[in-house]
Amino acid sequence: MISVGIVGGTGYTGVELLRLLLRHSQVQVSILTSRTEAGKRVADMFPSLRGHTDLKFSDLDLDQLKQCDVVFFATPHGVAMQHAEDLVAAGTKVIDLAADFRLQDLAQFEKWYGMQHHCPTVLKESVYGLTELNREKIKQANVIGNPGCYPTTVQLGLAPLLKNRLINTQSIIVDAKSGVSGAGRKASLGMIYSENADNFKAYSVAGHRHHPEIVEALENISGQKGQFDQLIFVPHLVPMIRGMLSTIYVDLTELGQQTDLQALYESFYQNERFVDVMPANSSPETRSVRGANELRIAIHQPQPNKLIVLVAQDNLVKGAAGQAVQNMNLMFGFDEATGLEGIGLLP
Amino acid sequence: MISVGIVGGTGYTGVELLRLLLRHSQVQVSILTSRTEAGKRVADMFPSLRGHTDLKFSDLDLDQLKQCDVVFFATPHGVAMQHAEDLVAAGTKVIDLAADFRLQDLAQFEKWYGMQHHCPTVLKESVYGLTELNREKIKQANVIGNPGCYPTTVQLGLAPLLKNRLINTQSIIVDAKSGVSGAGRKASLGMIYSENADNFKAYSVAGHRHHPEIVEALENISGQKGQFDQLIFVPHLVPMIRGMLSTIYVDLTELGQQTDLQALYESFYQNERFVDVMPANSSPETRSVRGANELRIAIHQPQPNKLIVLVAQDNLVKGAAGQAVQNMNLMFGFDEATGLEGIGLLP
Amino acid sequence: MISVGIVGGTGYTGVELLRLLLRHSQVQVSILTSRTEAGKRVADMFPSLRGHTDLKFSDLDLDQLKQCDVVFFATPHGVAMQHAEDLVAAGTKVIDLAADFRLQDLAQFEKWYGMQHHCPTVLKESVYGLTELNREKIKQANVIGNPGCYPTTVQLGLAPLLKNRLINTQSIIVDAKSGVSGAGRKASLGMIYSENADNFKAYSVAGHRHHPEIVEALENISGQKGQFDQLIFVPHLVPMIRGMLSTIYVDLTELGQQTDLQALYESFYQNERFVDVMPANSSPETRSVRGANELRIAIHQPQPNKLIVLVAQDNLVKGAAGQAVQNMNLMFGFDEATGLEGIGLLP
Amino acid sequence: MISVGIVGGTGYTGVELLRLLLRHSQVQVSILTSRTEAGKRVADMFPSLRGHTDLKFSDLDLDQLKQCDVVFFATPHGVAMQHAEDLVAAGTKVIDLAADFRLQDLAQFEKWYGMQHHCPTVLKESVYGLTELNREKIKQANVIGNPGCYPTTVQLGLAPLLKNRLINTQSIIVDAKSGVSGAGRKASLGMIYSENADNFKAYSVAGHRHHPEIVEALENISGQKGQFDQLIFVPHLVPMIRGMLSTIYVDLTELGQQTDLQALYESFYQNERFVDVMPANSSPETRSVRGANELRIAIHQPQPNKLIVLVAQDNLVKGAAGQAVQNMNLMFGFDEATGLEGIGLLP
């Protein structure tokens, strides 16, 4: 039994962490902080938690957080990096669900997030928490940069190809679609119901913060630095709460064309409990992973030299809180699936 | 051809007024004001208007507004009452889509809207714009208080009964349901997509601003002051953009039980182009009036002394902007249906 | 560890049962039958189950079912009653999620379901599975008629009042709203997406099958036979997948008016893990119970003699599959909450 | 004033045609046929039409149809081709909203639609009704094959590039997204509400009937036969009723890279009332065209040699019934915008 703190529990990733951790057999959620709601019972804000916890929001108190074995940051970008060094020094592990520890390239971080990085030393030692790809490092890590939702789909969708150098790295197109919860729980005109329901659009076509994260991650997976400059990434907004589907278009190399790709994917992920390679010509639906820490992949080869990779996940689970818990499980030696066995809600 | 001004064009009733008035054969929209968006093209804010108008938002300039034949206020409560007197003095008619001229009872206005009334004299001369019930007065009016959306359904749903004293006035229950656009276009947490989609709830059970408006209106229709104190009105929020359905439960008097109520309703509304009495045992759907200035009624008599009245409308059209245009048509001697002939979008 | 069979696993209650039972620590789902899909893997039909089970649909084989400790019928009305007698004789318990064992009144059953009852003797011995109200009988039962979704909300919403004779039984109005999944998984025009999205309507106003079930149940709860003839029940269809809210209007007796009703409700349900009495003037949202076996109640007293009871649940969980599992837990001596501890998805 | 017949008025394109034609100043809808609903008032099936028409469905009677000036076929594929020859011989023009007159390649038609073509001679003389690109031919046509919804977006999205040979024709990727109404009004499991709401998926990845139509059309626009074999087209299903967005990825030729593409698009469509080229870096939303016969385009150039073309329309209007009316207007010498001036519903 470990003691867990959550900093920033009023957003969707915060309440999703609570949904998972309050049912996790090996943890006790001890602290839940909020700048604005200190003193309020979390169940009064999120009525789904009524009867499941008496936790109250508290102000962020670093000394208290240091008593925890691990602290999750479900905060805006820039918060975790202010406290990570102190926490690690006190022996407390850190899992940041924001972007502070995702990008190793400081210039990219400053460009896309509009702030200087506060603790580049900790950043260097931090581990990027794409569980399936960095498992061994995660087990040893003190600080985890939990991946963005879009980057998770792209990395797991392309890893089998990149590890085996089967595609042209400079012609990747990611046409991605997300439910609205991905934008967080914020009062803004663009997010209100009547602006999003019964509507579909692309957004951030000129540049999305997950773009540099995807590029850096694909470089690391493939070991091919500087070979993903031409990546095209267009996110779209779907009138649904949860769910994300990335449709990825790649050009196969000669070797790629000679490879049995379905077999490759199945083999690559055969021991992964949370990555499901569907039969050839399937179409993963986001509702098949609603609420579950699962990611489904299907591939289509419309022409000998073209591959379409479809990747579905719940943006709040495998794309955020679920993967964070999966990482925590590794860091503390629990079974990787502890607390993550739930089956998705379909319908 | 008359000249029209719209004060407050950045909300949903504002853009809905524009949708209707830009296609109205007898009007020219000359002025569109916004406190926050002056100088901006309205089509840049509402892309559905691209190609349909070059109008720009301007600051509110009373002298300019006085050049208009009529000014619509699609503003928060409390704005129209600051300008109505000056406009009327200049010969400009006023149609307020907010609540400033809905309640004759000043105490009720102050209680529910939290402000003193600024021009009680104008209020006294203003006309409540429930078109079908106040047609003759509306034709002569200088200032119209355009009804709230919920009150429109209740009044038209109960008028045939009240005019003929067929129900117990003290046991009326209105269980009303509205799409989310009824709450307006505001950045607030409670209105964001992920808080409303795939969800249903009651709200303002302890008291909604439309309650006193309904009571006063029913008193006026029936001529029975003080006989509606026991009215119960519970609004609910439906995960849809537009649409409103009120399910109204009433107890029939002896006379009511002896009356052919279906025939009464059909006769009462036989000359009304925008009120549709459906066959007995029908169930009006909100989508049947999506975008149309129509209101459909169906009645059910589950027991000899009980009547259920179902009333459907588009809250933004017959419940707001459409009825405002209908009133304008009357005030200027146009055919009442001018600009309102559009058929609803189904699906 | 008990062995479980599910007859009719291709509907929404079937897949919901699987979602719950595949994670239940005390059961093994051994058999899953389908008339139309025998031989197919259930995970091929419901991709949310991929990786969670290898079960295949089989033809209904009574001898195999008799090997089970309990058989759930998630079938159309009329199937369970054909097999219940044989199963019970073989020592297999039966939980029917359809209507075969809900109504003790055979005439009502035949009137509303259009078929003769096949085993009135078993019916007489069967127990109505409203867990919180019939717990002791359920523990001893061999056959359970699992309640309808609407009746569950009405019974739990009114039980504290009825048990204490605090309301007029002849003026109850139930204005109920359900998500679309309540209509099941059937190919019919009326259920397709574009007919239901962004739409709201009442349905079955002239009479719904749950009406006689509600009446009979309220009679049993109150011990007042024949005192609920005037019940009004109007169901509505909400454009959401899961979720149900009943808004119940009642007239308080003198005694009711003198009672602290909030305290009564809290006391009545204080030991119930799945019934949550919210603070006075709350508004339960359906999303607060999405996917959870919970039911939330809030009461409002707008006038001394009037009470409004708001009741929310997930129609597929506490309104169907969840309550069925809750009953199974009682029947086999498991902790009542086994397999039902999941927290709802919010958002 | 011309006389119009509609064959097959019970689907979504049928009711959408009625919505437009009943308000069209130059036409009288005389006949509306249905195999299954003969004798029924169309307003009883589609309550949005109550008060707008007394039309009843009738059986298909060829002699009656021959009295019409034009007959629209809003039928399944294969119906129009059985009657087109007779109608044309009688001087009646034909506009088919199904696929019978879309593909000139008979082999492709038979492959994708599973039937032999019944009147290849008429097909040869028919005109493909993409209004903006074939205007002069449409004016002279007797038979129009009205384009599919997806093909309309791709053609108008790429025409400026193809006419000027600015892109590589063999690397076009169309990632398209449609609302559910595009699948028609049919009772099928895959289309029911709970299977589509809060869900997103690709479909027909292995091949969609609009694929050959797109290829043939792009060949015709560009004059480059056989140069579009490598086209990739992946349709997706969005949980919304109406609306379609195509995200098109193309590689620019040298010439393309040297061209001011924004200026090109604006110039290409400058006289088109129904095609709106948005400012650079815009993002067209489907709700901006809800119910309107409009199509909005925006282009993005993420790299010198890459262009992203975003195209939004209402699949039932510019993608079906609206374009059909636009074609009719041309064929009869009416102003092209007659009956199509309506502004979209936003919200």
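Some notes on this structure:
Each chain carries a letter (A, B, C and D) given by its place in the written order, and its residues are counted from 1.
What we mean here is this: a contact is a pair of C-beta atoms (placed from the backbone, for glycine too) under 8 Å apart; a residue touches a chain by one contact, two chains touch by 3 or more.
Predicted model only: the values in this text are computed from it and were never measured.
Think of each touching pair as a link: the shortest run of links from subunit B to subunit C has 1 of them. Two chain pairs, A-C and A-D, are weighed by contacting C-beta pairs, with A-D ahead. Farthest chain from subunit B (centres taken as the mean of C-alpha atoms): A. Rounded to whole angstrom units, the spacing between the C-alpha centres of subunit C and subunit D is 46. Rounded to a whole number, the gap between the C-alpha centres of subunit A and subunit C is 37 angstrom.
Centroids of subunit A and subunit D (each the mean of its C-alpha atoms) stand 39 Å apart. Of all residues in subunit B, those that touch two or more other chains are 12, 179, 181, 185, 194-195, 197-198, 239-242, 284-285, 287, 290, 347. By the touch rule above, subunit A contacts subunit B in their complex via residues 12, 179-181, 185-189, 191-198, 239-241.
Residues of subunit B that touch subunit D in their complex: 12, 15, 18-19, 22-23, 46-52, 181, 185, 197-198, 241-242, 273, 276, 278, 284-285, 287-292, 294, 296, 316, 341-347. Considering their complex, residues 173, 175, 177, 179, 194-195, 197-203, 205-206, 230, 232, 234, 236, 238-243, 245, 247, 249, 281, 283-287, 290, 300, 302-303, 306, 308, 310, 312, 347 of subunit B touch subunit C.
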